[in-house]
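Chain IDs A, B, C, D, E and F follow the sequence of writing; residue 1 opens each chain.
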Amino acid sequence: METHTAKRVEIVIEAPLERRLTDALTEAGVTGYTILPVRGGSGRSGKWTREGQVGRAGMVAVVCLIRPERLDGLLEAAFAVVEKHIGVVSVTDAQVLRAERF
Amino acid sequence: MTEILSLAGENLISPIILSFALGLLAALARSDLTIPEAVAKGMSIYLLFAIGFKGGVAVSAHGIDATLILTLIAGIVLSFGLPILAFALLRVMTGLSVIDAAAVSAHYGSISIVTFVAGTSVLQGRLIDAEGYMVAVAAAMEAPAILSALWLVARSGGKGSMAPGLMREILLNGSIVLLVGSFFIGAITGDEGLEQISAFIVSPFQGVLCLFLLDMGLIAGRGLRQSKGVLGIGAIGFAILMPLISASIAVVIGTMIGLSTGGVVLLMVLAASSSYIAVPAAMRVALPEANPSVYLTLSLGVTFPFNLTLGIPLYLAIAQTVTGG
Amino acid sequence: MTEILSLAGENLISPIILSFALGLLAALARSDLTIPEAVAKGMSIYLLFAIGFKGGVAVSAHGIDATLILTLIAGIVLSFGLPILAFALLRVMTGLSVIDAAAVSAHYGSISIVTFVAGTSVLQGRLIDAEGYMVAVAAAMEAPAILSALWLVARSGGKGSMAPGLMREILLNGSIVLLVGSFFIGAITGDEGLEQISAFIVSPFQGVLCLFLLDMGLIAGRGLRQSKGVLGIGAIGFAILMPLISASIAVVIGTMIGLSTGGVVLLMVLAASSSYIAVPAAMRVALPEANPSVYLTLSLGVTFPFNLTLGIPLYLAIAQTVTGG
Amino acid sequence: MTEILSLAGENLISPIILSFALGLLAALARSDLTIPEAVAKGMSIYLLFAIGFKGGVAVSAHGIDATLILTLIAGIVLSFGLPILAFALLRVMTGLSVIDAAAVSAHYGSISIVTFVAGTSVLQGRLIDAEGYMVAVAAAMEAPAILSALWLVARSGGKGSMAPGLMREILLNGSIVLLVGSFFIGAITGDEGLEQISAFIVSPFQGVLCLFLLDMGLIAGRGLRQSKGVLGIGAIGFAILMPLISASIAVVIGTMIGLSTGGVVLLMVLAASSSYIAVPAAMRVALPEANPSVYLTLSLGVTFPFNLTLGIPLYLAIAQTVTGG
Amino acid sequence: METHTAKRVEIVIEAPLERRLTDALTEAGVTGYTILPVRGGSGRSGKWTREGQVGRAGMVAVVCLIRPERLDGLLEAAFAVVEKHIGVVSVTDAQVLRAERF
Amino acid sequence: METHTAKRVEIVIEAPLERRLTDALTEAGVTGYTILPVRGGSGRSGKWTREGQVGRAGMVAVVCLIRPERLDGLLEAAFAVVEKHIGVVSVTDAQVLRAERF
């Protein structure tokens, strides 16, 4: 089946930053993304689990599929938000159906 | 003195406190006991709705007390002022960085609604009335402390920025909106409204509070276990000393503006309590460099249990001596 | 007239409605107040179980009323017929495509169980009895409207297909099964069963309903905010006019088949209410080209609040005039 | 005999059992009715807390009965011993592998707290008292069976290993900690504590149990549907025979150590019930090669419903005949 | 460690379609997949969040790991379901342990 | 924007094994991972859904981003846990920002 090359960007970031990240993405013209809940994790700032949280704490994972040429714009927008915060950003090559959506 | 101790004793063997202790022990023993996040959030929504609603009904019954405005102002002033005091103390007592110290201060200027609820239920247990609008005061005290903290950082040349939209976010955060909203619903519908839903918001209240505190205990315990060694003795000392100072200031102000004994106790509890929901989230946005495990451990792991167990009965005893109530 | 207004007034300042308003305002003000999905689903399960059970108990007490069958048939006929009326109206009043118009029609032929619950609690508040089996009628009215909508599309040459298994899915969707199931449990165990669990399904009912409507308000508000501009004035007019027409038809039928005043009111409420759970999900499968934000906004954002606030008291007033009850 | 049947009959038309049946039917009919995991977990936490607390209060009222220690020992011995019996039976009656047979045995040595709760509520319904500390016995019986199963595997040269930390995990698993913890809270705070929260843990208890059993029915039904053909007639026969044998052994022991009729019934229920929470999780770690759908289907799909419907009334009848109570 | 090349297909689709998608996959002989909850997202049909939903609405993410040669069969099966609906399909190259499982 | 090559390892494993897996990872020196909840899935041991579970059952997905050279260590550690159990392990090539974190 015909597919189109794209980049899959996965951003794990603390929940309180979620809205700021998605706003930044929208500003950078990235209107397509999916937000996955995160149950827990571990990193330089230690271990944590969803249950061990009060209120809005915790992390979320934001997944964006975009055209390769738009990757840099996205990364800059994302990084501006993630920079000072807890979280990670990763990119993988991907193929997508229905390019018209990207 | 003995009276305070017996009071504390009584308080300590209530189902509420023991549930908290159970959670704490379970977490320290690394049990896998957990309360699902959704259920915990549901319970906190229930508690906020119930406490706000009952406060509103009380106001609709006794009318807007003349001291309402004064108390609101007092609360806001305390929330603005206490962080500055806390900051000074922290810089003296601990080696925390300016950023960390400021972040911690914000927590101690703001309030913990669960501590407030525990306070009200201790008063109920002793049939002591309090001004219904104290819940409104609680809501008013949540946010100002955050501004003080940011100002403290700016002052020291730090770059903690009032991110755009953050203020709106803080003022409209779920717990404030729900507390104030249900307060107005209670005030509007009054006793008639209460009658319709009291089987939901009054009778089971204490029981829900038990399960909620069980969860708080689990969270506090897990936090303590993970942040072993993060905190020096100085920081821990601060987390016990600060609430005492805040309460002492509050008892003076509360008596000056003529609150009832119950009202004074609740103002003390609000001043002495420290936030672990609204403020931490705001700090992650405004002061991301501040270390969360420092302020969460102090606020949730030390100050919250202290207030819950010894603090509240102590504040009650003091208030009764001072107001002679 | 004044009587209706006072009735509406009374209705408006009930904790239930105010909770809905609070949610609506919080969402429009972009507060981050949310009720966890699991908790909301838990509350709706509770409400369905309680309302079904109580209906069953009522039937076991008063026995199968002769008009039961008639009312069931009336409900099914309404559910089949109203979409066709709605479709015609929509084609005249709005510029919606055939597909969108059909999808919207399906919602107005089907029912909203929360509106039904609100109706029953208004009746209770006025000590007006209603036939217990009206919950069974509610269940019977959920699905037929979907078939009419698909037929309307097919008729206009559209390819909205009755996907395999969809019918089973609709008839066995959770809310229908729970409503009918608990209805039978109530009918079988009767008053004795009710006694055992009334402290759970009767006393706290109103309170749970408040929190549930708070959530409905939040969802409706978020929906309205996001779908600004999606809807023309014609569509909004439809969402107010249609329930009035449906209710008028229902009052005639209800009186003809000899329902009690309460029963007539509930049949009107069912006819006037529009679905926002079962039908939207079915539409995503059967008519994916239909725009969800159109039918969700009309049903949840306009018609639901209208029925909740003005509709129900109005229907009650009309029913009382007509039946002289 | 007729008396047993009428008892079973009465038992069968209780809201609790009918709710379970509703869930079972809904699942078998492939309805999409589900109770969110978080809500189900919340309800089980509520049930554990309530049952533990009430047990503790009962103990604080009647004091530590002399037979307490004996009953605890009896429970532990049963939990250790029954798996060996079960294993032998399984090897004879079924073609299950050593590993699978051992895994299943562990479930039947351990207990199902919901079956226990159902048992207590049947006793309450008949105003039969039971020793409050039976909940402590329930907790004590959860874990030992797992060790026996591992021993059985080792004995047959299998390599089912007591993974490091597994024992701690089992002993500190959430349900045991909560049950024992709330038992102590109840014992410490006594009637005074109960008074504070009885509107939460007593009055709505039966109703919550209904919704919880509705969920159990859904899960059991889905399990049965998916594991069609997994089980031979022999295995199913075992799942009915084993509880009867366990109960018979328990009635002898219970009477010997002089438990009240109610206490004997509960010991029978504990012996006859089989785990489907703690043990399955432990088996996944300790005996991963064992097929989950075998033990889950037997325990949750066959034995649980059997005990709930016919077992409990049968055990009650037997206990009353034996103890003459 | 020895690994085997495979394809990782990620399908984000509205929840009411979940069962239809998994049925289609099963028919296409794809018996291995994992379903992840989705908290929210944004696309051509606008933004939404899990909390802002009533009933069965919302989206889910279905992840399939399969042998490369079976990719087309899977994509066709998936596309037949996703086509008219809200959702996205992406594919990335992957390595898996335990090929016997695919 | 500057990125660094890394491997994205995704391990789907039954929930009762979660702690053992993360412990094994930590021992193998992998301190960074994110745990995602899993709603349901299907595999050789059949279909299941989160709602159809009692207690701790169910699955979780553990995602690790690591430097390529550390992949084998991770896979061995993970495999030692997953081996006898239900679950799958997949690896994809990825790019990450902020290599200092890995």
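The working rule: a contact is a pair of C-beta atoms (placed from the backbone, for glycine too) under 8 Å apart; a residue touches a chain by one contact, two chains touch by 3 or more.
Keep in mind it's a predicted model, so treat the numbers as computed, not measured.
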(request) Starting at chain D, figure out the least number of steps needed to reach chain E through touching chains. (result) 2
(request) Please work out which of A-B and A-F is bridged by more C-beta pairs in contact, and write that pair. (result) A-F
(request) Compute the centre of every chain as the mean of its C-alpha atoms, then state which one is farthest from the centre of chain E. (result) B
(message) Please identify the chain with the largest separation between its CA centroid and the CA centroid of chain F.
(response) C
(request) Go ahead and note the Å separation of the Cα centroids belonging to chain B and chain C. (result) 41
(request) Return the distance between the CA-based centres of chain B and chain E, expressed in whole Å. (result) 45
(request) Give, as an integer number of Å, the spacing between the C-alpha centres of chain F and chain D. (result) 34
(request) Name the residues of chain F that each touch 2 or more other chains. (result) 36-37, 47, 49, 56, 92-93
(request) Give me the residues of chain D that touch two or more other chains. (result) 32, 34-39, 42, 203-204
(request) Can you identify all of the chain pairs that touch? (result) A-B, A-E, A-F, B-C, B-D, C-D, C-E, D-F, E-F
(message) Under the stated contact criterion, what part of chain B meets chain A in this complex?
(response) 34-37, 40, 163, 175, 216, 218-219, 222-223, 226, 276-278, 280-282, 284-285, 288-289, 291-293, 300
(request) Using the touch definition up top, name the residues of chain F that touch chain E in the complex. (result) 10, 12, 36-44, 47, 49, 59, 61, 72, 75-76, 79, 82, 88-93
(request) Write out the stretch or stretches of chain F touching chain D in their complex. (result) 14, 16-17, 20, 45-57, 84-86
(request) Quick one: which bits of chain B touch chain C in the complex? Just the residue numbers, please. (result) 36-39, 41-42, 45-46, 49, 53, 168-169, 172-174, 177-178, 181-182, 184-185, 188-189, 193, 196-197, 199-201, 203-204
(request) Would you tell me which residues of chain C are touching chain B in their complex? (result) 13-15, 18-19, 22, 25-26, 29-39, 42, 203-208, 210-211, 214
